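Both of the next two complexes hold chain A, though its partner changes from chain B to chain C.
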Partner chain A sequence: MKNLTKIGLGILTSVGGYLEVGSMGTAIQAGAAFRYELLWAIAIGTICIAFLVEMTGRLAAVSHHTVVAAVRKRFGIRFQIWPLVAQIGVDLLVLASEVGGASLALELATGISIRIWVLPVAILIWALLWFATFGSIEHSVAVLGLVTLSFSLAAWWIGPDWQAVRSGLVPHRPDRDAAQYAYLAVGILGATVSPYLFTFYSSGAVEEEWRAEDLMPNRIVAAIGMGFGSLVAMSVVIVAAVILAPRGIEGEMYQQAATMLSLPLGHWGFRLFCLSLFIGCVGAALELALDVSYIVGQTFGWAWSENQPPGDEARFALGYTIAIAIATAPSLAGIDPLKLTMFSMAVTVVVLPVLVGPLLVVMNDAQYLQEYTNGWIANTAVGIIVALAFVLAAIAIPLQLVAQ
Partner chain B sequence: MRRSRLRPMAFAAIVVCAAGCGSDPAVAFARLVERAGSWGASMEFALQLAADGMVPRAYVDDLMQTASEELATLSLQIDDAQGVDDDMKRTASAACTGLAATAADAARAHGTPRASSIRELEQQLRAAAQQARAAAR
Partner chain C sequence: MDLVRDLLDVQLIDPNQRPIGRVDGILLDVRAGEPPRLAALEVGAVTLARRVHRSLGPAVHRFVLRWFGVSWRPVRIPLAHFGRVGVDIEIAVGDRRERRLLRLETWLSNRIVRRVPGGTETPGR
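Our next item is the complex of A and B:
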């Protein structure tokens, strides 16, 4: 039963990584423009994030430190302030996209403008954080997030060309529109390997008081949680490839893509699309707003826990309250959430090395990990992730400008 | 010494490569026209599903409204495109403007535009995009 609870944390984390507005949006565009050719980007992103999540869970279980607390202790507050500023910036941008995404799901379902929904959505997210505990948020999002399996059901139902799907899992050069292809690959990786996923996961593991005996469940949770997200993201690509691509629909805005489940799932298709988008965005927004409070509290050594009443941890509650208030601004100003998220994913890729680099040092420090420090496989994996992040950081911005 | 030389070279190679990928004006123009065609295809598909009762009327109205705004912007960008044949530009711009007007009318009147007229405009856009891509080669 306790292990089932842990799987909830894995699925909640993966909802923030794969099923939110940016990941779904890039998966739709990838499938619509290049069919199965970008499936490899999701596969690589999944391997990267599964390694990072497992490491941060291991750190939490053995040392009872979150990533941010360990980096702060190892390098000092003067160093930690830079990753903190970078991550708050990214978290706020992505949070704004999620608030917009949830509001957009309601616009699609009702026809009432996104701007009308922004404040109710923000209040809903804030109220959930204010009144609920970490466990209740974790379990409800994990269970409701299963609705996104409707994409997997649709992908299986429409019967794609499995040979082409398998070929798409191997990186290769496209035969046209190389800039758009590369930019979408960067977008998918930026949306999948998001730093808030592993800082949130390690905070959740500390909230749930994981111990050294939880190391094996941690590995399983990392694999199942990220595998779940990856399965749904690949299903989104497959459905877009079969339904949207042959019709010449590019899915550059959600209004164009909302019909993609209607043929395979009939009358339920449209409702399930809107519901999946809404649940994915609200789940990710809860994760992001909490992450802002977590990283600020852990950097400055304040009390931090979603399980305590807000009155007992006023600074923690104030953190997510301010974050949510700021995140409503772009959607109220009429900025399209998908366009905002494409920008935030490029920024994510730029700051990723700053956040992943110190983690490598901490994961090899026996003061924290005792005999559970990284082995060569984990070190190589993180090394490749950091190198990949540097390369992506160098090409993300020029590509954003060139590919428009 | 060797490393310090390599670093700016690698950066320059990345920037040049990234810029080279999308600098052809004909390809950039084709992408604009394809995006306009994509809106036409979305409108047509949504109308087909609405006729079968698979998507709500409110969604179709919302799609038409968004399409009209996006197509109006694309139409201006097509007009401003540089380095492409004027005739091709005029044809694409006219089809894009026509599609934007059709979507705006449908959104305003909560009406159902004729699928055949949308298809016709979309086909004109697809043909212009193909022509532009052929010119790029």
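Our next item is the complex of A and C:
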């Protein structure tokens, strides 16, 4: 039973990778424009992030230190300042998209303008962080996140062409519109292999006081957590492919895409879509706001924990408070959350190498990991991910320009 | 022991296992004709900023002095206070130094965070 509750951390982490506004948006667009042809990007992204999450969870369980703390010690502040600034930037951009996404979900559900919802949403996110413990946030998001399985139910219900689904899982060249195809593939990878997932996960494992005995549960949690997110994301692609693509709906507007569950699930479909989007965005926003406080606190060696009274860790509590306040600005100014999210995914991809690269050193440091340093499989995986990160970083900006 | 590898940037914890900063700088005692000796460790934003860029340290100091009227000097911790050195370093610096290490935390806590409802309560209570 105790191990079962650990899965909550895996699911909360994956909510930020797969069910947030950007990932849902790119999955809908991918299904609507290319049907099943981009499923492989989700599959590859999932394998990469599952490896990274498992590793940083292992580091946390064995050493009771997070990956950010280990990087500061091994590389020093002159290096660490760059990943820190890059990641705060990415976290704030994505957090701003999530605040906008949750407000958009409320607009879709109620018809009341998105701008009215921005402040209530921000206050809700802040209040949850201020008053709740890490465990209660983790478990409530994990349980509520199961609502998003309604996409998987719908995908199974509408009965896609499974043969085409299977062939979509293998990377291949498209027969048309290569620039848009590559742009969406990079977008999916950028939204999935997000560095805040593993910095958050390793912080969560320290919050939950995992020990070396938890290494097997850590593997299972990484696999099930990321597998869950991946299943939902692929289901979104499939539903979009079956419902939106034949009707010529491109899915670039959530307002059009929101009806995609109505056909298989009736009038409950629309409500479930709005609810899934809201839960995904709020869950991701909690994760991102906490991540800002985590990485700053760990870099500078301050006390950091979501389980202490805010007054005992004032810098930690003010960190997420300031982050949330900054993140409300774009939506209040009327910037479309989906535009913001496309931009933040491109930025994520560009800064990815500097955030993943140090893992090659840190995960082989016996002072932290004792006998649990990376084996050749894990090292090869990090090597491939770093190489992939460099390729993505090099092509992300040109692709964004071409695709537009 | 390799000073840069084993001491610099290491997490400092007090005897209650509370994180109280990191080793931001190392102070050496250099005398003619003698090998350099480790004199103390430094903790503080100005030292840290100076390591990022030489001119950034004085800039941070000037900024804090001008806007907050505080001369924000790094805290020096002599070797005598060191406990076990491992992944973390445990230090027992005494109340006065620990207060100086945590002065920003204490100021923010008393001036802002504890005045907000729920600021002093353990979450989930």
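Simple rule for what comes next: the second predicted complex is superposed on the first by the 404 of 404 C-alpha atoms of A that agree within 3 Å, B and C clash if a C-alpha of one lies under 4 Å from a C-alpha of the other, contacts with A are read in each partner's own complex, and residues count from 1 in each chain.
Assume a contact is a pair of C-beta atoms (placed from the backbone, for glycine too) under 8 Å apart; a residue touches a chain by one contact, two chains touch by 3 or more.
Values in this document were obtained by computation on a predicted structure and should not be read as measured data.
Participant: Assess the superposed three-chain arrangement around chain A: do chain B and chain C clash, or do they fit?
Facilitator: fit
Participant: Under the stated touch criterion, which partner chain does A:Ile7 make contact with: chain B (first), chain C (second), both, or neither?
Facilitator: neither
Participant: Does the superposition put A:Val354 against chain B (first), chain C (second), both, or neither?
Facilitator: After superposition on chain A, A:Val354 lies in contact with neither partner.
Participant: For A:Ile384, decide between first (touching chain B), second (touching chain C), both and neither.
Facilitator: neither
Participant: Under the stated touch criterion, which partner chain does A:Gly76 make contact with: chain B (first), chain C (second), both, or neither?
Facilitator: A:Gly76 contacts chain C only, not chain B.
Participant: Is A:Phe131 in contact with chain B, with chain C, with both, or with neither (first, second, both, neither)?
Facilitator: second
Participant: Does the superposition put A:Ser63 against chain B (first), chain C (second), both, or neither?
Facilitator: second
Participant: Between chain B (first) and chain C (second), which, if any, makes contact with A:Leu153: first, second, both or neither?
Facilitator: Neither: A:Leu153 stays clear of chain B and chain C.
Participant: With both complexes superposed on chain A, which partner does A:Asp312 reach: first (chain B), second (chain C), both or neither?
Facilitator: A:Asp312 contacts chain C only, not chain B.
Participant: Could you read off the angle at the CA centre of chain A, spanning the centres of chain B and chain C, to the nearest 10°?
Facilitator: With chain A as the vertex, the angle is 130 degrees.
Participant: In the superposition described above, what is the shortest C-alpha distance between chain B and chain C in Å? Please give a whole number.
Facilitator: 29
Participant: Mind pulling up the chain A residues that touch chain B in the complex?
Facilitator: 107-112, 177-180, 182, 247-253, 255-256, 258-259, 262-263, 266-267, 269-270, 394-395, 398-399, 402-404
Participant: If we count contacts the way the header does, which residues on chain A are in touch with chain C in the complex?
Facilitator: Residues of chain A touching chain C: 63, 65, 69, 72-73, 76-78, 80-81, 130-133, 135-136, 300-304, 306-315, 317-318, 367-368.
Participant: Once bound in the complex, which stretches of chain B touch chain A?
Facilitator: Its residues touching chain A are 11, 14-15, 18-19, 21-23, 27-28, 31, 34-35, 37-39, 41-42, 44-46, 49, 53-59, 61-63, 66-67, 70, 122, 126.
Participant: Would you mind writing out the residues of chain C in touch with chain A in their complex?
Facilitator: Contacts found on chain C: 4, 8-12, 18-22, 24, 48, 51-52, 86-87, 104-106, 108-109, 112-114, 116, 118-124.
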